[in-house]
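Several structures are given next for inspection.
Two complexes, one shared chain (chain A), two partners (chain B, chain C).
After this line comes the complex of A and B, so read on.
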């Protein structure tokens, strides 16, 4: 089991390097756009699994953080340098995650799903209310001098950072704590693990990355309003991708996000009116046929093959 | 901490589930370096008492003093860090972790927070102590039930606890394993730990416990020196299924 882990690590670093070269090798805008779309979903699915994989809490709040990232850029983007804007976005997203985590991580998993879904809707409604009643606008324009190439590279850099961080967490004391929590919370408590705090740290880290993804993506939208930035479909897509790939392993979500972003891109272009239905169908098929994700299915197959060869 | 106080002192500890008084005004004490037995028929509230003492459940009323300090209502992880370790009636070991990782998890978050190479070395020591030296890299899920119980004990010892709570740790062993188990528990006591053990196996109780507390339907029906308690008519009646205590 050690070998595939190491190999997949090399494979992913290789893929990241190759992906970074794409805009240099081709000046085709369509491919660059596709690359951006893929990268943002790979990022969000991986970040989602950083928290939900070990804790098995399903969060439907991804889009709340994504949208907050986008709005941070829309609100202060032209007044401040971009790195500062990103820091503000991360601070806002982390703060929300901290508050939500403190309020909910003692709840059981079922309540958590419902709460996070409600949270995303609440945030959307608050933004809508604020824009309509206070700023008297519906949406906002984002005119920033950021090229698609730059966005693409920023996304890849963030992804590299996320992989490095998750890899480090896995090796740390926190990583061991999470594995124990994932298997048996009662044991975790009685050996001195602060279960709530461990979950909270992960939730904040995961949410910060999703917020930053939204912030990086914002200039690409040009125009945003709460219905676009806080569209619940995004949260569902992230969950499906991570589950298809397998939220239990670091690179599982990558394996789910790549094919599904392509599929969703195709479906939303071809069947814009039936997209939600097809999304729901995809969800059911995945949960039914690959309940533990592609990564787990592959590693089971790898083990069987190993046994057969021995 | 306070070396004149007993290691564990419980007063008036109570907990109900709905209308059922699972533990009702429980008093007990465990002295330093002492093994106390907690006995009673099925459903009499022994495991619930262990859960209340170890912080898994919050008591409705009562006082728990651990090493001279009131600790009732504290979360389990804080009690673990203060040096209270436990085993579970139905063995609980994270199955996907190797035996070594299981024991390291007992070292890493305990009072001293041992990690890295030092943790691996010590973990091997704890595995050897319970007879699992050659199973270090085996996933805990692949062990036999008895070996999982041993592993659970090694993990508890890794916390370097002052007090050990054992919930029927000796149940289900064959005669040879039982003798080994009794010797191991005695050795742990001799190394300076205080132990509160829920047990049904009479041989083990006689061999190990200086004193016993007997519960029935949430109540303490007898307590004192082991030989006297075991001869008490109410205890015999409770164990034979009668409700003879008045």
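After this line comes the complex of A and C, so read on.
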């Protein structure tokens, strides 16, 4: 894993600032909606890579956390002020991540993947069961006085926080420990790193951010039910975007999320019935042809070019 | 008393199906070392095949069953040769193979599922075949379940005999236990892997046809079957046939009990509960030997 250089840090902060100014300059609702969609995927792909990048534990359960965030808002959103609701969402998401992590992160990566593979489906079934049997409703409405602009800014603020936090983690002892774990877990154990604890901390942080994304996005949905908010396609898109960009670097997922969310937006509008086929095909192309992500491919190309010139 | 017999019969028959489907996956994962996340999609594809053949052309599902074996074998052989062998070559069958094959088959899952949604829509399907009740010890059970159970036992026995009594079976076991050493005694690991992977595909296709005779299914249900098969093979110990059978029956029993006595909406929760307790209690599975 490479540490981001000063130049790229400045570039990203500049981009964030420019993105934050957009709704002030233009009042076009279509672009604002596009901006919200882009930033939610950038956010989730980056949060996913915070854990899965250095540890190489592939999590297929992003939507379980996203949906829990959305549901937290749907259930207590009317009764409590928004910051408290967000705190409750984060607490719920972190608790689930902690339980999953404690059960699986001691073991080999395969168990973790398998567990997360069905986790969203399990949470969806449990929510459906609860709604049908206890509350006797299927869906819930979310009427909150939150403007799209506000959602957009909340997402960007969260993204800035995530960048700052993961930059800090990479510089800390924890970040160093994670890089060793990613390279060779056995070595990490032997030099005295508490492997399970490091992985657990990162998994909880990553999941908390994804949960919060779901909570921020909830007012945009207006209506949610378990099938909508635990839709496996979301997890899938997050993994694809992070992998395309390269989960190994801090800003790789950004490079993957922006073009792919635009592409998916176009595909889902143009070919709604064949969307899943195209998505799966795009995923396979990425796994076969850019296994380490665009960022790594580009820098390898750059290095080769430099060598050829010299 | 009648309830107990009924629960036993339903649990055993459902468990038989799970055991058979899990045996296919344990062949693919334990021998060919491919974590095949699109596995359940082939089950649903075969179920849709049987459904279409029965409702449009009145073909007896038992005929479809006989056809599903070679078709499932061929499709999975192709999947291995075209999609997975480049990954095997790239990773030199090392630890990266597991992640890569997992991601590639995750993509495949969405492609196959998408094709089925386009062809059959997202709703639930079922048909009536041999659904008349048979009285066993006071409990009523549909005949199709009994047919299914008999066939899964037959499939399990033949796989067991093949692995334990034939030369080819010994080669498969060699690749499963020591893929690095198998070439030393003249075993073509790549070829054995491809064929074992395909046999797993034949098993899951047959499982799909059998499942379609008594279950309602939809295009998006493949994930659940993959999940269950994974849980069963981990519970039984990866690569362990007997383990897969015992764990499959256990899962079928547990699901039937909960669905009947508590709530059918909680079956997946039972799966997870069993999975969790195995992970916490015996991570190597009920019959597996701990590694390291």
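In this section, the second predicted complex is superposed on the first by the 300 of 310 C-alpha atoms of A that agree within 3 Å, B and C clash if a C-alpha of one lies under 4 Å from a C-alpha of the other, contacts with A are read in each partner's own complex, and residues count from 1 in each chain.
Please note the rule applied: a contact is a pair of C-beta atoms (placed from the backbone, for glycine too) under 8 Å apart; a residue touches a chain by one contact, two chains touch by 3 or more.
What you see is a predicted model, and the numbers here were worked out from it, not measured in a lab.
Peer 1: Scan A:78 for contacts with chain B and chain C and give back first, second, both or neither.
Peer 2: Touch partners of A:78: none, neither chain B nor chain C.
Peer 1: A:287 contacts which: chain B (first), chain C (second), both, neither?
Peer 2: In the superposition, A:287 touches chain C alone.
Peer 1: Once chain A of both complexes is superposed, is A:29 in touch with chain B (first), chain C (second), both, or neither?
Peer 2: The answer is neither, since A:29 touches no partner chain.
Peer 1: Once the structures are superposed on A, label A:183 by its partner contacts, choosing first (chain B), second (chain C), both or neither.
Peer 2: In the superposition, A:183 touches chain B alone.
Peer 1: Once the shared chain is lined up, is A:114 touching chain B (first), chain C (second), both, or neither of them?
Peer 2: In the superposed model, A:114 contacts chain C only, not chain B.
Peer 1: On chain A, which partner touches more residues: chain B or chain C?
Peer 2: C
Peer 1: Applying the document's definition of touch, where does A:191 land relative to chain B and chain C: first, second, both, or neither?
Peer 2: After superposing on A, A:191 lies in contact with chain B but is clear of chain C.
Peer 1: Hey, what residues of chain A end up touching chain B and chain C alike?
Peer 2: Comparing the two interfaces on chain A, one with chain B and one with chain C, no residues are shared.
Peer 1: Under the stated contact criterion, what part of chain B meets chain A in this complex?
Peer 2: 54-56, 75-77, 80-81, 85-86, 88, 92-97, 101, 104-106, 108-111, 113, 115, 155, 158-159
Peer 1: For chain A, which residues count as touching chain B in their complex?
Peer 2: 173, 176-177, 179-180, 183-184, 186-195
Peer 1: For the complex, give me every residue of chain C touching chain A.
Peer 2: 35, 37, 83, 86-87, 90, 98-100, 102-104, 106-115, 117-118, 223-224, 226-227, 230-231, 234, 263, 265-266, 268-269, 271-272, 275-276, 279-280, 283
Peer 1: Can you list the residues on chain A that touch chain C in the complex?
Peer 2: 56, 58, 60, 103-104, 106-107, 109-111, 113-115, 117-118, 121-122, 125-126, 128-129, 132-133, 232-233, 236, 239, 243, 273-284, 287-288, 291
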